[in-house]
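Data block below; observations after.
Chains here go by letter, A, B, C and D, matching the order in which they are written, and residues are numbered from 1 within each.
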Amino acid sequence: MKVTVHIERRPEIADPEGTTISRSLVDLGYDEVVSVRTGRTLHLEVEGDDADAVKERVDEMCQRLLANPVIEDYRIEVEA
Amino acid sequence: MKVTVHIERRPEIADPEGTTISRSLVDLGYDEVVSVRTGRTLHLEVEGDDADAVKERVDEMCQRLLANPVIEDYRIEVEA
Amino acid sequence: MSRIAVVVFPGSNCELDVQWALRAIGAEAEMVWHRETDLSGFDGVVLPGGFAHGDYLRTGAIARFSPVMSAVTAMAEAGRPVVGICNGFQILCEAHLLPGALIANRDLRFICRPVEVEIVDTATVLTASVEPGAVLTLPLNSYEGQHTDPSGTARVVARYVEDVNGSQDRAAAIANEAGNVVGIMPHPERSSEDVLGSSDGRLLLESLVAATERIPA
Amino acid sequence: MTTDLAPEEDALTESGDTGGEDEDTLHRRLGLTDAEYQRIVEILGREPRPAELAMYSVMWSEHCSYKSSRVHLGRFPTEAPWVVVGPGENAGVIDLGDGWLAAFRIESHNHPSYVEPYQGAATGVGGILRDVFTMGARPIALWDQIRFGPLDNPKNRYLFSGVVSGIAGYGNAVGVPTVGGEIAFEECYSGNPLVNVMCLGILRRDQLVLGTAGKPGNVAMLLGAATGRDGIGGASILASASFDEESATKRPSVQVGDPFEEKKLIEACLELYQKDLVVGVQDLGAAGLSCAAAEPAARAGVGMELDLDTVHVREPQMTAPELLMSESQERMMAFVEPSKVDDVLAVAAKWEIAASVVGRVTDGSRLVVRHQGEVVADIPAASLTEEAPRYDRPLGEPAWMEDLWSNRFKHMTAPEIGPTLLRLLDDPSIASAAWVYEQYDHMLFLNTIVGPGNDGNLLRIKGTEKAIAVSTDGNGRLCYLDPRRGAARIVYEAALNVAMTGARPRAVVDNLNFGNPEKPEVMWQFRETVEGISEACESLGIPIVGGNVSFYNETDGLDIYPTPVVGLVGVADPYPKHPPRLDRARAGMDLWLAGPVDATDLAGSSFEKVVYGHVGGRPRAADGTAARAAIDLAVALVSEELSPCLHDVSDGGLAVAVAEIAIASGVGVTFEYADWRHLFSEDPHRFVFVADPAHRGRIEELGAACRATLTRIGEVGGEAIVFTRGTRTDAVDLDEATTTYRRALPRRLS
């Protein structure tokens, strides 16, 4: 089963990388760019056939290892 | 307008981070995990009201700066 | 005397070391800020190590668009020596002056230690003074040090004796076809004096200086 | 996931209006006692406004005001002819001769590193760098002293690797090498890791800058990153209260470091100093803008006006208290004469950092803050600093000391030497730290001539004959068993480490990591430690030029071991051209021991802890005379190039010291001993060294001249570490010792 985890930094936490990217886009002439925030995705291939059960396990993985709840939020998407 | 750019490493390119995460998950007891690939997302806030025009500009940004075609693919999603 | 430009990007940090080591072997080495557009008067250029633009997005990705890079490209096309060390190597790849890309080390850890590399190609501006097959001890200092080249066209100049970071073909340094553009991951300037533990890197810097002298300005 | 703001933050986010909020509750939530609140009312002659209360709360926090420690810190010897700036400024500064100065400081980031190890450690590095380049110095090196619970616990592994990555991630990218440090593991750090970082910079005498606002009329300019809601009520509050699982969830918004911004800020500031464009500079750390305005004004005896609307912000709608308390990283405040503002802006533009005029130095002594056209604070600047509360807290010797001292371990039988050595070499606190320091750039700037993996470090100053030596040392277990003796011993150990690079000890910075100061036992440990450090420094004739105090290192009521850490700086002039290193022993050389061979004291030793799990007994006191003799001898041996390799006898005793030389140099050693306890005793101020047999005569002369005991105990050669006693021989294969020593950390972490 294919599972995608989207990890974002919580909005109140600074994102210097996003700020730097945004600034360089403007420098390159894309001055319509207002802001950039960076995120990560993890594409997991997981054995199992019960989508709910898989999602629950992945949620546990996120809490334990994949995301850092102190500064990040995450969202899990299980593909058909 | 909110635009999300999904950047993935091309499948033939090594992904040491994905490999490491996958190994740690198995170590933690999640042995249903077959593989992990990592990707990045950029959330852009862009001025403009024509979704197609915005998408075209962001595509140009991707080609020039945001993605490296030697090792990466990208996909653009414009939100309403 | 040959005059070498050392390009400083915001976030570069090895520029003073490169200048020190080049001056120690009698070259003139001058800092050039990344906003400059003119490299006339220089016989060669070094892109030093560091974290240009914080290494944000991808190493070297933002630096590639610095104004100075057109002049660097022009130098490369004119056959003048262009050398990228560490972060400079990453920038040259992003700028497509060298093939491939540099990704995170296989073990996902920053590696700072001396490693052995074998010089396998001496027909480049960085290796012409070295005996073919010579094994040099040079300090590595990188996180994104694994060279990958899907095109398979990279011309390997130096190889790690042991596979330290997963680089394709164990490449520690690669060159363009003409041999005037070279990217090297370990730092020659960090092993340019005995008191630092090794002076093997001096041979490479001497090659570079000699190459700049061969080319009429 | 919802944002989990600390309760005090909710109160301050709701604009200036505290209507409905009970003032009394608000000040307590901000960590102020009722008496402190009353004192504020007295100072102001009225109730404080919310922004004022915010400023007092951060500035009067334990972390910023040193309210519990100040009465004791006065004990420190702080003077010497070479001291240029002592405690009180952002960093201490000493004279190296010929117009060169060194500025250095050490600081802790313990609680933030527990909450978020990567960012906590990273921002710790950023903060200590700013303390040093604030003084006009270019930071040239960092040292990290980090302590965790045992690695068999996954949480500790996560904290340890996160902290190491954070130090690497920030230090490497900002471009300042981390050339040394310390790692230790003890149960008491499980809920409360210690992350201390020291930074050293060099400067020419005419570039020295102080944290002063200068004269009325000067302009205050804020340089660097935009201000956001980072760490509101963060470092200062976090470091000023005890910790438990609950507070871990009530954490304030975590600060994120941006080494790229800091790198640009360093270069921009150095250019400002070089062009003589600033009168004074103050970094923004804990207590942010409040501190950066109050301290320089108080130091200069002037007033200041701040206009918060001119602060460049990252987030919209920040309230005045938020703007004043924010701990956003990578910011500096510069005080500039009005005619030079444009030049400062030009330098900032060149380095691509933001800069704005946020205030003005005024006559008088008041700090007046405006926001959206209104005065939100109007208070005496010095009331935030000099008039902060001071507590002479009750102290008393812990009831457990007598028990601890009498709880000496009775060794029934001699241990098997070989397996015991291997066990010690496998201990994470003793084993090779290469897994850590190979993640740090430790070579940048081409100064590092004695790098990590040795006892002290030696950094040359290019273009001169001078080199700076540094050693950082701590030992919580020893200080737990006897804080005064333990603290003195770490100073002597650091001094000896510095001497073994050929340098003379010159000055100390200290980081005092302690438990809850409201407990008399903790305050007693603190006082004893200050005594011990002071006595040792006096005996060595070296001053303390700066430091940091970290209290409330307790989790769920359990205090950490009292853990002072010292950073000792020395100078070698001229520096040795073949600097001694651990890997320079060669077959055929003699092995010597300086100091008594018959040390038997094992109290507090790694041997008892690692092999028997025992911590008890009273460790031996250091002996100043013997320590000075050892230091003199080490300096003489190095400057006459008589020994290429010296190593002090510390964790693990003589057996480990000798094994470490053998492992680093890749050659065996054979040596004699009389009693097995001599192999594992950690008696202070002793060192081993190797030397060519041709130098025996001269070495003995030097030993006599320095009044140091010297014994030739063995020789270098072969492929094993061989211990002989009479007819008995124990041998450990060098390869096995090497593998054990090098794999100890990696095997536990992967």
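A few notes on this one:
Operating definition for what follows: a contact is a pair of C-beta atoms (placed from the backbone, for glycine too) under 8 Å apart; a residue touches a chain by one contact, two chains touch by 3 or more.
Predicted model only: the values in this text are computed from it and were never measured.
Shared contacts of chain B and chain C, meaning chains that touch the two of them, come down to A. Set side by side, the interfaces A-D and A-C show unequal numbers of C-beta pairs in contact, with more at A-D. Chain D has its Cα centroid 35 Å from the Cα centroid of chain C. Inter-chain spacing, taken between the CA centroids of chain B and chain D, is 40 Å. For chain D, the set of residues that touch two or more other chains comprises 258, 260-261.
The set of chain B residues touching two or more other chains comprises 64-66. The set of chain C residues touching two or more other chains comprises 53-54, 56-57, 62, 65.
Listed in rising order, the residues of chain C touching chain B in the complex are 57-58, 61-62, 65, 93-94, 99-101, 103-108, 146, 148, 150-151, 166.
Those residues of chain C lying in contact with chain A across their complex are 53-54, 56-57, 62, 65. For chain D in complex with chain C, the residues that touch the partner chain are 168, 172-175, 258-261, 263-264, 350-352, 434, 437-446, 448-449, 460, 462, 577, 579. Touching chain C in their complex are the following residues of chain A: 16-17, 20-21, 24, 27-28. Chain contact summary for the complex, chain A toward chain D: residues 10, 12-16, 20, 68-71, 73.
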